[in-house]
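Next come two complexes built around chain A: one with chain B, the other with chain C.
So, the complex of A and B:
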C-alpha cells in the first residue's frame, strides 16, 4: 500500500485511491464537483486542484491523482486558494441568482464553497448566457440548465450505472448546456439519484419540489424495506412528518443509489391503507382490549393454532413472535409463507430492485434453520385445506392474499401496518409501526443484518411489532421479555446461532452478514418460482 | 457582582417636605404653561394620529410585482431568521411564471412577532416590509392576530400605506439602479424579470 503525504500528514492508502479519498482519510476536505466515488473520473470541474510538493508536477487535480509512494500534495497554500477562487469565478460567471427558488439551496456545493472561495464582486460586464429552465426531463426530475456547472456526473450516471445514456452536454464553452436528446425522456427507475448526485440545483426532484427547505429537515439513518435489497437510506423528516428519503452510502449494498419506488415509499406512512387503530371484529378498539381479545382467541382456540412469521417484519418482531409461541402456545404450529403480497409493486431488475419484495426473507430463512419445526407455505395450504386451522396469528404479511385463500372458518389475528386481504378478514387487528417509525433490523438478500433507526413517532395507536408481541405475550402469560428493540435483538442474538455475537453496536451503520449459511428452506420452490417468474 | 448601593440622603431630603414642594412646583409650572401657551405635545388620539417616522417598524406588508402577484418567492429566509419563529409559509409552484415559486400561504403570528425587522432585512426579494406605519395591531381573537397573505398584500393594494418607500421619498439616497416605477433596485441585466 503506497504512502502519501497530504499537508505534511502521512497516510497509507490502498493502491488506486485518489487524493480526494486519501485526504478524506486524514480529515482534509478537498472541494470537488465532478468526482463521485461510484462514477468514473472525469476531471472536468477543476475544483480539486492541489499543489504537488513531491512525486509529480503540479498543480494537478486531486481526483485523478492516484496514490503512489513518494507523492506529497498540499491543499493549504495560497496558490490553492487562488485556484479555487478562480474556478469558482468561472463556474459562477453565468450562474443565475436562483438560490431563493432553488431546491438545492442549503445543500448546494456552489453555496458552500462560495462562502470560502467566493469572489463576491462580479467582474462580468456582458449579459449572462441564458439557457433552458424548468425542463421536464423525467417523471421525477426537473432540469434547470442555467444552474448546471457541466460536471457531467449525471451524464456518467446514465452511461455507467443505468446504461440508458439520455443526458448529454451540448454546445461548447459558455454555451455548454446539459440536456436530453430530442424526444428522449428519462424513464428508468433510478431517476432520484440524478437529483442526488447533481452537486448543484440543475437536476432536482419533482416529488420534493418546493415542499421543504432542506435545512429544516432532520436526518435519521434507516433501511428501505420495500424489497429484499435493503438499500441504506436517510429519512429526512421534520416534526413527525417525512419529506423525502435519500440513499445512504453502503458499498456492500446499494453503493450510493436507491430506486424511485423505495424513495417515495414513505408516502404510505400517511396513506389511506395505513392501519392506525386496533380493531376487534371490524370495530375500532383500544389497543389493550384488542390485545386481550387476541389472547382470548389464541387461548381458547377450538382447533389448531397457526402462527405465521412475517417476511417483511423485522428480525426482532419475528423472534418475539417465535418466542411467544414457543413459551405460551405449545400446540401451535409456526409457518413462514414466502412470496409477495398481491398488489405489491412489481418492478425488478438485476441491479437493486429485487423480485422478492420482502425485506426480511433471509432473516426468516435463518429462523427456519434455527427452528426446524417451522413449516412452510405448502404445509399451511394443506392445513387450511384440511380445516386444521382455527386461529391464525399473522405478522405483517398478507398471508391470505399470498395463498389466494379466503380464510373462511379461520379466525385471524393480524399484526401489521397496512390494510390487506388478511387484515380485512381478521377478527383482531393490531396496528404495527412502519419501519421508519421504529428501531429494528432486517436481513437483506445477501444475508446482511441491517439496522434502521426510528425517525418519527409511530402514527396513531401503532407500536413496533416486537412491542405488540410483548403485550400479547404478557396477556398470554409469558412475555418474550424485551423492554427495547436492542434487548429484543440481544435475545435473538443469544439464541439463534447465525446471529450470535451481533449487537446494535456491532452492526453499526453498515450492517453485518449472518454467520453460517442456513440450510435452504426445503420444498419452497413454488414460492420462489412465483417470485422469480 | 455590583449590587445597587443605597444612596446617602441629606437631612433636607430625608424630611421630604422640601422635595414634595419641589415636585408640586414642577406640576404647577406645567399647568400654568399649558393654560396660557397651549403648545403641549399631546395628540387627541384617535382623532389625531402622529405621523410615524419613515423607518418606524409597523405592521408587515407583502409587496407586489407590477402584475399584482406578490414578490415573495417563498425562499423561507425570513421564516428562518425570525427569532420569534412566527412566520409560516407554504410554498407552491407557478406554472405560468418564470419565477416558478410563490407562497401559497404566508402567515405571521403578530402575537409572537417582536418587531425586530429581521425578516425585512433577510428578504432577498424586498418582498416584505414593515413600512406601513401601522401600529394599531389588535384584534378580538387570537386567530385574527395572525396576518395572512391576503391581508398583508392588501395593506399595500387597498389602504394606502402611511409611509411611502424610503427611496421613493429620498431619491437622492437611492442606490444606482433604483427604479422609481417598480420601487426597487433592478439588477444590471435582468433576463427573466427575476
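So, the complex of A and C:
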C-alpha cells in the first residue's frame, strides 16, 4: 500500500485511493462538489485543487490524484485558499442566491464552503444568466437549473447507477445547464438519491420540499425494514414527527443509495392503518387488560397453541417470543411463515429492492437453525386444516393473509403495527411500535445484523414488540428477560450460536454478519468417505 | 532573408490538379508509403524521433516520442490502436490545415497510412471541423481514388497490410480540436475534454490506445521517409527542426499561408513574405501563434524568430499553430480583445467551473470596457478572473482564453486604463495574486 503525505501527515492507503479519501483518513476535509465516492470521477468543479509538494506537478485536483509512493500534497497553503475562493466566486457568478426560499439551505455546500472561502465583497456587476426553473423531471423531483453548478453528479448517477440516462448537460459556456430530454421523465425507483447527491438546491425532493427547514431536524441512524436488503438510513425528525429519510452510507449494503419506496415508508407511521390502541374482542382496551386477556387465551387454550414468529419483526422480538413460548407454553408449536403479506409493495430488482419484503428473514432462518422444533409454513397449513389450532399468537406478519386462511375457529392474538387480515380477525390486538420508534436489530439478506435506533416515541399506546413480549411473558408466569433492547439482544447472542459474541457495541453503525452455522452432521457414509478422501 | 526555403509541405501546391491521384503520384505521392511498408514500424518511429519533428497543432510536443507512448502489443492485449488526424482547425487566425488538405489531400492520406503502420493501427480517422464540409468532399474524393488504386484499405500495394482511413465531420465546436474532446465527439458523445490521466496514447478512442496528430504533422511524415531524418534536421534550428506553415492575417499586404524554415526572423516574415503593413501605418501588436497565445509588442517582434524557443524567450509567448495575426496602429486593442473573448465565451464547453463562468465574465467586462462603461476596478477584476482560470481547468482551453487577457493587460495597460478614463496606476501588477 502506498504512503502519501497530506499537510505533512503521512498516511498509508490502498492503491487506487484518491487524495480526497486519503485526506479524510487523517481528518483533513478537502472541499468538493463533483466528486462522489460511488460515482466515476468527473473533475469538473475544481473545488478540490491542492498544491503538490512532491511526486507530481500542481496545483491539481485531489479527486483525480491517486495515491502513489512519494506523493505529498498541501491543502493549507495561501494558494490553496486563494484557489478555493476563486472557484467559489465562479460558482456563484450566475447562482441566483435564493437561499431564503431554497430547500437546500442549511445543507448546501455552496453555503458551507462560502463561510470558509467566500469573497464576501461581491464584484459581480453583470446580469446573471437565466435558466429553466421549476422543471418537473420526475414524480419525486423538481429541477431548478439556475441553482445548478453543473457538477454532473446526477448525470453520472443516471448513467452509472440506474443506467437510465435521462439527464444531460445541455448548451455550452455559462449557458450550460442540466436538463432532461424533451418528453422524457425520470421514472426509476431511485429518484430521491438524485436530490441527495445534488450538492446544491438544483434537484430537490417534491415529497420533502417546503415541509421543514433542515436545521430543525434531528437525525437518527436506523435501518429500512421495507425489504430484506436493509438499507441503512437516517431518520430526520422533529418533535416526534418524521419528515424524511436519507440513505446512510454503508458500502457493504446500500452504498449511498436507497429506493423511493423505502424513503417514503415512514409515512405509514402516521397512516390510517396504524394500530395505536390495544383491542380485545374488537373493542379498544387498555394495554394491560389486553395483555392479560392474551395471557388468559394462551393459558386456557382448549386445543393446540400456534406461535408464529415474525419475518418482519426484529431479532429481539422474535427471540423474546421464542423464549417466552419455550418457558411458559411447553405444548405450543412454533411456526415461521415465509412469504410476503398480501398488499405488500411488489416492485423488486437486482439492485436494492429485494423480492422478499420481510426485513428479518435471515434472522428467522438463524432461529430455525438454532431451534429445529420450529415448523414451517406447510406445517401450519396442515395444522389449521386439521383443526389442531385453537389459539394462534402472531408476531407482526399478516399470517392469515399469507396463508389465504380466514381463521375461522381460531382465536388470534396479533402483535403488530399495522391493520391487516390477521389483526381484523384477532381476538386480542397488541399495538407494536414502528421500526423507527424502537431500538432493535434486523438481519438482512446477506445475513448482516444491523442496528436501528429509536428516532421518535412510539405512537399511541404502542410499544416495541420485544417489550410487549416481556409483558406477555410476565403475565404468563416467566418473562423472557427483555427488559431493554440491549438485554434482549444479549440474551439472544448468548443463546443462539450464529449471534454468538455480538453486542450492540460490536455491531456499530455498519452491522456484522452472522457466523455460518456448522454444516449439518451427515450419516451418509459415502459422503463422509468422499470428504475424508 | 537569404536562407534556403525548402518546400516540404507545399511541394505539390500550385500544380494543376494537385489534389488528384494522377498528378500527386506523378510528383512522388505514395512512394514513401511503398518504402515505409517494407520497414519495421519501430524503424519509422525512430526516423520521426530522429528528425525532431514537433507537433504542429500548437503544443509542439515531439511527434516520435508521442508515438512511442503506445503500449507494446503484449501490454495492450487485444485492444486495437487508433490513429486520429486532428483536422478540427478552429483556432482564430489559423487556416493552414484546410490548405494542406485542399491542395494536397494525398499527402495527408499517405501520412496517415505511414503513421498508422508505425504505431500498429489498422484504422485511421480524420476528424474535420463541421465547417469543412467542402474540404471533406475533396478529401473523400481523394480517398476514393486511393482506395480504388489499392492504396487504402485491404492489402495495400500488395503487401498484405490492411489500413483503412475514414473521414468524420464534427459539429463545429472549437473545443473538439482539443484531443480528448475530439475523442469524445468521435465516440458520439458531447464534445467535452476528458480528465488526464489516462492519456490517449494509453486510453483514448473507445478506451483503446490512440495517437492524435495534426494534419501538418502527418503531412511531413512521407517527406521524412523519403529524405531521412538528417535532411530534416538540416533545416530550421537545433530544437525546432524543419519547416512550418504560417497562416498570416491582419493588417498586412499579402495575407496567406507561407512555408518557412523554423527560426526565420519574425520581422522578415512580416516585411517580406507578408508584404509589410499598409502605407502610413505602424505596427502595434502581433499575435504570433493563433489567438490563444500571448500578444507581442513591436519591439519583441523585431527580436524574435519564428520557432518554439525564441518566441517564448523574447516575449513569453508561443509559436502555437503558427497563426500570425498582425495589428497596426489603428487597432482598438480593447475592442480586439473583447472580440477575441466573444469567441472564447461562446466556445467554452461549459464543463469545469472556472472556464464556464469565467470566459463569459471576462467577455462582459471587456464589452463594458470597450463601450467606456467600466472602471479601473473592473480591469483588476478582469486580471484576477484570467489568473484564476489559467491552469485551473481540465483542458488547455482555460489557459487559451486567459493568456490573451493576461498579455494584453500586461503589455498594453495604458489602452485599457485609458478606456476607463484613468492613468495606469503606479502600483499596477499585471500578475497580482489571483483572488482577493
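Keep in mind that, in the parts below, the second predicted complex is superposed on the first by the 516 of 533 C-alpha atoms of A that agree within 3 Å, B and C clash if a C-alpha of one lies under 4 Å from a C-alpha of the other, contacts with A are read in each partner's own complex, and residues count from 1 in each chain.
One rule holds for everything that comes next: a residue touches a chain if its C-beta (ideal position, glycine included) is under 8 Å from a C-beta of that chain, and two chains touch if they have at least 3 such contacts.
These figures come from a predicted structure and were not determined experimentally.
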{"item": "Three-chain arrangement built on chain A, chain B and chain C clash or fit", "value": "fit"}
{"item": "Which superposed partner A:148 touches (first chain B, second chain C, both, neither)", "value": "neither"}
{"item": "First, second, both or neither for A:293, with chain B first and chain C second", "value": "neither"}
{"item": "First, second, both or neither for A:101, with chain B first and chain C second", "value": "first"}
{"item": "Contact breadth on chain A, by residue count: chain C or chain B", "value": "C"}
{"item": "Partner chain(s) touched by A:368 [first = chain B, second = chain C, both, neither]", "value": "neither"}
{"item": "Partner chain in contact with A:211 - chain B first, chain C second, else both or neither", "value": "first"}
{"item": "Touched partner set for A:425, first chain B, second chain C, both or neither", "value": "neither"}
{"item": "Chain B versus chain C as contact partner of A:171, first or second or both or neither", "value": "second"}
{"item": "Overlay on shared chain A, then closest C-alpha pair between chain B and chain C (Å)", "value": "15"}
{"item": "Intersection of the chain A residues that touch chain B with those that touch chain C", "value": "none"}
{"item": "Chain C - residues contacting chain A, complex", "value": "173, 190, 195, 197, 345-354, 356-361, 364-365, 368, 377-378, 381, 384, 388, 391-394, 433-436"}
{"item": "In the complex, chain A residues that touch chain C", "value": "41-47, 49, 59, 64, 82-83, 85-87, 89-91, 93-94, 119, 121, 123, 125-126, 129, 149-150, 168-169, 171-176"}
{"item": "Contact footprint of chain A on chain B as seen in their complex", "value": "73-77, 80, 91-93, 98-101, 124-125, 187, 189, 191-192, 194"}
{"item": "Partner chain B, residues of chain A touching it in the complex", "value": "96-101, 105, 127-128, 130, 133-134, 209-211, 213, 215-216"}
